[in-house]
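Alright, structures below, take your time with them.
Common to both upcoming complexes is chain A, partnered first by chain B, then by chain C.
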Partner chain A sequence: MSRILDIKNLSIDFTAYGQTRRVLNDVNMYVGQGERVSLIGQSGSGKTVTMRTIIGTLPMPPGKVESGSINYDGQSLLDLNVQERNRLKGTGISIVLQDPMLSFNPVLTIKRQMDDIVRYSDIRMGRYRNKSDREAHLMDTLRKVRLEEGSRILNSYPMMLSGGMRQRVLIGMALLNRPKLLIADEPGTALDVTTQAEILQLINILVAEEGLSLLLITHNLGVVREMADRVYVMERGQIVETGTRDEIFEKPEHDYTHKLMSAVPILYGSKVKTMEHEGLKPTIEINHVSKDFETRGGWLNRVTGDFRAVNDVSLTIQQGDIFGIAGESGSGKTTMAKLILGLTKPTEGQISIYGRPISEFAGTQEFRKLIQIVYQNPGSSLNPRRSIADQLAVPLKFTGHNKAQIKTRVGELLELVDLPQDYASMYPHELSGGQKQRVAIARALSVNPKILVLDEPTSALDVLVQSTVIDLLHRLRSEFNLTYVFISHDLSLMRNFCNRVAVMLRGNVVEEGRVADIFDAPSHAYTRALLSAIPVISDEEEASKPKLKNEERDAVLATSTALEV
Partner chain B sequence: MFSYLIRRALTLLLVLLGLAILIFIIARIVPGDPARIALGPLATAEQVAEMRQEMGLDDSFFMQLWSYLSGLAQGDLGKSLLTSRPVMDDILGALPATFELVLFTIILQVVISIPLGVIAAIYRNTWVDNLLRIVSLIGVVTPGFVLAIILQLVAAYYLGFLPVTGRLEGSIDFSADITGLLLIDGTLMGRFDVILDAMRHLILPALALAAAGIGQVMRITRTAMIEVSSRDFVEASRAYGIPERVVTFRYMLRVASVAPLTILGLEFASLIGNAFIVEFVFSWPGIASYGVRTILQKDLNAVIGVVLVSGVFFVVANLTIDMLLGLLDPRHRLRAERDS
Partner chain C sequence: MSIFEDPDVPLRGLSSRQMASYRFRRNPLALIGAFIVFSVVFAAIFAPLLVPSTESAGAFVDFRNRHAPPSWNHPMGTDNVGRDILSRVIFGYRVSLGLVVGVLGVAVPFGVLLGLVAGYFGGWTETIIMRFTDIMLALPPLAMALAITAVLSPNLINAMIAITLLWWTWHTRLIYRIVKGQMNEDYVEAARVAGASHAHILFRELLPNCFSAVAVKISLDAGFVILFGASLSFLGLGIQPPTPDLGTMVATGSEYMPEMWWQAVMPGFSILYAILGFNLLGDGLRDMMDVEL
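Take a look at the complex of A and B:
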């Protein structure tokens, strides 16, 4: 098999503030003609630097190629002059970036953005096509990515399309100039799982149809298993292991690969951890709760209608439960969290905590001491300008502790979440993502709450870090008899972390019960559709996923909730 | 979009009404009897009383407010004590000069500050960026009148290649009857000598007035460009082979221009305030000089008129900026459409 891309002994240094750091160290990898190759590793491992060096968008300086070569289709990329290099952009090598919203210019129409790509490449290649020819080409390309309403899409702005459509258009943009090598950076991972499954399938089909070679950059091992023929594992700028997909998944050799594999939450099979707990004391009782949001508009901003975010939900969460609320974007799971925290009032129905309706005491100090929240992204839930000690002190100040008490309590809290004492004087940017999330957990625990609402607490973290945070949460729960409400879209994680789960669709709870029951025998078609769409990492899991007829799945997804974000 | 604009225009009318009432109240609170001021210290008590009656000062507050507002609705701002002419006529006579100065200033601000901001962003943290940083800082911290005097001294007095004061040389025989703006009327009449001379007169006061805004908008453009340059779509457009200049101006600047434009709209308020002083220094026959003279004379009708006119200026400028933002950023427009 001839090699379309061949990287040899590539080392890259980064210089910042006079300090030089090696970000890629002696990297060797290749992509064969028509092959699908995957590069996996945690954030900061050097995957993105590799991608940008290949495509030619790595800023130099601060980057500097120390040694090595990149061969693409018989040309040595690093020896080309600027014009020759630019000729290959989009026409030889093209990319699909992770986030389908951010990858578009928000103020230009899709047509303008796609047409620019065609027009400027024509200029560089010395070709000419008139406007209608170019537009016909855009329509053809959109049909390739299975988008039928070409002219409507072309005249839209990115914000007017759904996430799945945007991702398709983005793939179309990458294919406009018929590249030979497609580099995909975490394709579809910013989307809901059902949409992601469709996107991955589409890329697989396109690779075959268009005769593309694919370099897939990802940290999601499930995606790798569905998309790659061969795999490279990268750790701290080095390739630590390589092999065919089956070799890597069945008998990984390097420690790091092992660790990565074992940190992935398993959906089915013997390695699944089942969290057993039968609570007997109702802690949160949700009684026929609905929540409407007013939509406003017109003269003087009148109320023009209602949008029902949560519809007649009844749930009972027992003492000690880790209760999962699952759902895709727009399903109403975040509104549920706000209702439970008393941050918004239900339109109908009532929520009680330990038998007391929260409408009676929401907003009081007593209520705040009872229930706390850990947010999704510790990078934005922590104040970047305050030291860790200051942040931990905030809830304590408002619950009447004096200075000395606060100081000892901050020490205790850090110890609780396994952080060294000297972190108290540090600032959030000095901490890693996992450490920041530990601080956020410590802050939530500072007033000794009985209930924690966890809003996707690990979705911003790498899988290895995720598993340590999950272990910590387990430990804290048994140590302090906590009850967790866990909001997430990650069903694999829920399977291993929660004891009960409720699945939400368009504001309704479609299914609720013990985790093992729901996952082994899902009764609602939507739950089955969700489970069958999750990329898993072993054949055993694949075989145990619920089988869903195509018509059945289409019927559920046609009415899917995915809001236009 | 259209209904949104009408709605915005109506809200702005409300703002102006509020301003009119407020300024009327303030004018009534200031100590001093307007009738006495109008007649001078030598007038007898009977004359003053007669004048008070004539001016309606003996009516109740609400009657006065009513007659003031209904006059306003008909374009009647009362008579100026200083010039004994209707305030409206005085203002309309002086307005074009100010309008021309302010418009020219804004154009100057846009064409200087935005390109410099882009350059500073492209060459960030190099000597170019540092130099521009110093220039913009000087622009921001130097008060308009100081700059006005320095410019006047250096460019006009010592070097002598630009006129010191005024709007047009006395030797040129021209009256701007169409729009009142010399540059536009000069163009319409084909009088190049007028255009050139008006430009020579405009450049110094406009520069003095523009400096603070230039500094500020330049910095904001730079920050916005740097912020935008790290977005994914910039990397994507480069990777798809779109040339760098197109990426910079079509892709980045359009997204980045929202913040500087908003600032320009707000800057407008201080622009009018500064214009009072700069016009004075350059003996510019605009509304500001008129405003300063009438304030000193406690010519209340005229002061109210001047304040109202600058209010209208401000409100119209911000409406224009809003429309521009809608043109540049579809999100702004779509949101507006959805809300209406």
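Take a look at the complex of A and C:
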């Protein structure tokens, strides 16, 4: 098999603040003609640097190629001049970026943005096509990515399309000039799992149809299993293991690959950890709760109607439960969190904690000592300009502790989340993502609450870090008899972490029950659609996923643009 | 995403202050700016010890030496009554910097406070504060300052009051915009959940996130306040003779242009020198602290 892309002994250094660090060390990899190759690794492993070096967008300086070569189709990419290099863009190598919103210019129509690509590449290639030819080409391309209403989409602005459609248009843009090598950088990870599944399927079909070679860059092992023939595992700028997909997934040899594999939460099969404990007594009772938000518009920004974010939800969370609230974006799960925390008032219904309606005492010291929250992104939930000790002290300060008490408590808290004492004087940017999340957990625990609301606490973290944070949460729960309300879109994680789960769809709870019951015998079609869309890492799991028909899927996913395969 | 912003590999052993000072030290223009500002402030503070003739700062006449061109004895020449221009410039810096401290010392805290309150509370508070700010911004500054100093008597204090009344608006707008952005960050809600008071959130959580922008703005402002003060005195509505003031000196000296050019050009150049210094320093600080104004 001929090699379309061949990277040999590539080493890259980065220099900043007078320090030089090697970010890629002697990387060797290749992509064969028509092959699907995946490069996996955690954030900071160097996979994005590799990609950017290939497409020629690595900023130099601070980057510097120390040694090695990149060959594409017989040409040495690092030796080409800018013009020769530009000629390859889109026509030789094309890329699908991760975030379908950020990759568009919001003030130009899709047509203009796609047409520009065609026009400029025509100029570079010395071709000429008139406007209607170009438009016909755009329509063809959109049809290729299974977008049937071509003309409507061409005349839309990016914000008028759903996330899945935008991602499809992006893929279409990458294919406009019939590239030979497609690079996909975390495709679909910014999307909901049901949409992501469709996108992955689409890329797979296109690679086969168009005879493309694919280089897939991702941290999601489930995606790799569905998308790759061959895999490279990268750690700290080095390729630590390589092999065919089955070799890597069935008998990984390197320790790091092992660790990665075992950190991924398992959805089905014998390795699943089931939390079987039952709650003791009702702790949070949610009674027919609804929440409306006003929508505004028109002249003078008048109220034009109501948007129902949460619709008639009733749940009972028992003491000691790890209660999962699952749902995709827009399902109302975050609104549920805010309602439980008393940060927003329900339009209808009532929430009680230990038998007391929270409307009676939300915002009081007593309430704060009962329930606290850990946010999704510690980068945002920690104040960048305050030291760790200062931030841990806030809840204590406002529950009447004096300075000496605060100081000892901060020390205790750091110990509790396994952080060294000298971190107290550090600032958030000096900590890694996982460490920051530990600080956020410590802050939530500082006043000894009985209930923690966990709003996707690990979704911003790498899978290895995620598993250590989950272990910490387990330990803290048994140590302090905590009750967790765990809000997430990651069902694999919930399967292993929660003992009860409620699945939300557009403000409604469609299903609720013990975790094993929900996952083994999902009764609602939406739950089945969610579960079947999750990329898993073994055949055993794949076989156990619930099956559902396309019509069923379409019926629940009204916004979906499901593929017919 | 740059490697150095990567969430899981913070640069070991470098605090944010060290990184910032590294960026500053490598910026030649910022260093020049810092040097100029330092020299101006130093000269102003130690003026009596540095100047060739202290008496030139006051109502002193020496008609034998009037209109003397720049020489070793008088590096910037002498003026129409024989006073040493260099001495008067250095004492003029004292007045200018006094103006800067007076104006910004009042306008900045006031503007920052209003911006914080408007951004944090929103709603009607925001509407009232920000629309009032807009009205103040709509007034032409020099015309307003002229009107105020003309109604009151023209002197240093009144010039200061006039400039202060117009200056706080920029800080309100700047802080308001920053706070509005920060309100989307979870740490504000986290502080609320932790039971923090409004005062705590305003001054302990939000204010530290405004510091770098305010520092840059103050440094850029300083130059403009000096210029504004000089413009007022040039028009005769600022500091009155015999107090040495750069604007007044340019005005008097311009009558002897072009033959005795040094009398206007030297004070004019001194204004330029100080403003350039503050602006370069401000730009350097902006790059160093990575803020947008």
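By definition in this document, the second predicted complex is superposed on the first by the 555 of 565 C-alpha atoms of A that agree within 3 Å, B and C clash if a C-alpha of one lies under 4 Å from a C-alpha of the other, contacts with A are read in each partner's own complex, and residues count from 1 in each chain.
Assume a contact is a pair of C-beta atoms (placed from the backbone, for glycine too) under 8 Å apart; a residue touches a chain by one contact, two chains touch by 3 or more.
Remember, it's a predicted structure, so these values are computed and weren't measured experimentally.
Asker: Which term applies to chain B and chain C once both are placed on chain A by superposition, clash or fit?
Answerer: In the superposition, chain B runs into chain C.
Asker: In the overlay, answer first, second, both or neither for which of chain B and chain C A:Y157 touches.
Answerer: Touch partner of A:Y157: chain B, not chain C.
Asker: If you stack the two complexes on chain A, which partner ends up touching A:R438: first (chain B), second (chain C), both, or neither?
Answerer: Once the two structures are laid over each other on A, A:R438 reaches no partner at all.
Asker: Between chain B (first) and chain C (second), which does A:S43 come into contact with in this model arrangement: first, second, both, or neither?
Answerer: Second partner only, chain C.
Asker: Please indicate which partner A:R230 is in contact with in the superposed arrangement: first for chain B, second for chain C, both, or neither.
Answerer: neither
Asker: Contacts for A:R409 in the overlay, against chain B (first) and chain C (second): which applies, first, second, both or neither?
Answerer: neither
Asker: For A:R477, is the partner it touches chain B (first), chain C (second), both, or none of the two (neither)?
Answerer: A:R477 contacts neither chain B nor chain C.
Asker: Report which listed segment of chain C has C-alpha atoms clashing with chain B; options: 45-53, 81-89 or 135-143.
Answerer: For chain C, the clashing option is 135-143.
Asker: What does chain C use to touch chain A in their complex?
Answerer: 1-4, 6-11, 14-16, 18-19, 22, 185-187, 189-197, 200, 204-205, 208-209, 211
Asker: In the complex, go through chain A and note every residue touching chain C.
Answerer: 14, 16-19, 21, 23, 42-44, 48-49, 59, 62, 341, 343, 363, 365, 368, 372-373, 375-377, 379-386, 390-391, 394-395, 397-399, 427, 429-434, 440, 443, 460, 462, 465
Asker: For a test of understanding, state which residues of chain B touch chain A in their complex under the given definition.
Answerer: Its residues touching chain A are 7, 231-233, 235-243, 246, 250-251, 254-255, 328-331, 334, 338-340.
Asker: What residues of chain A sit close enough to touch chain B in their complex?
Answerer: For this pair, the touching residues of chain A are 52, 55-57, 86-87, 89-91, 94-95, 97-99, 102-109, 113, 116-117, 120-121, 124, 157, 159-160, 170, 173-174, 176-177, 296-299, 301.
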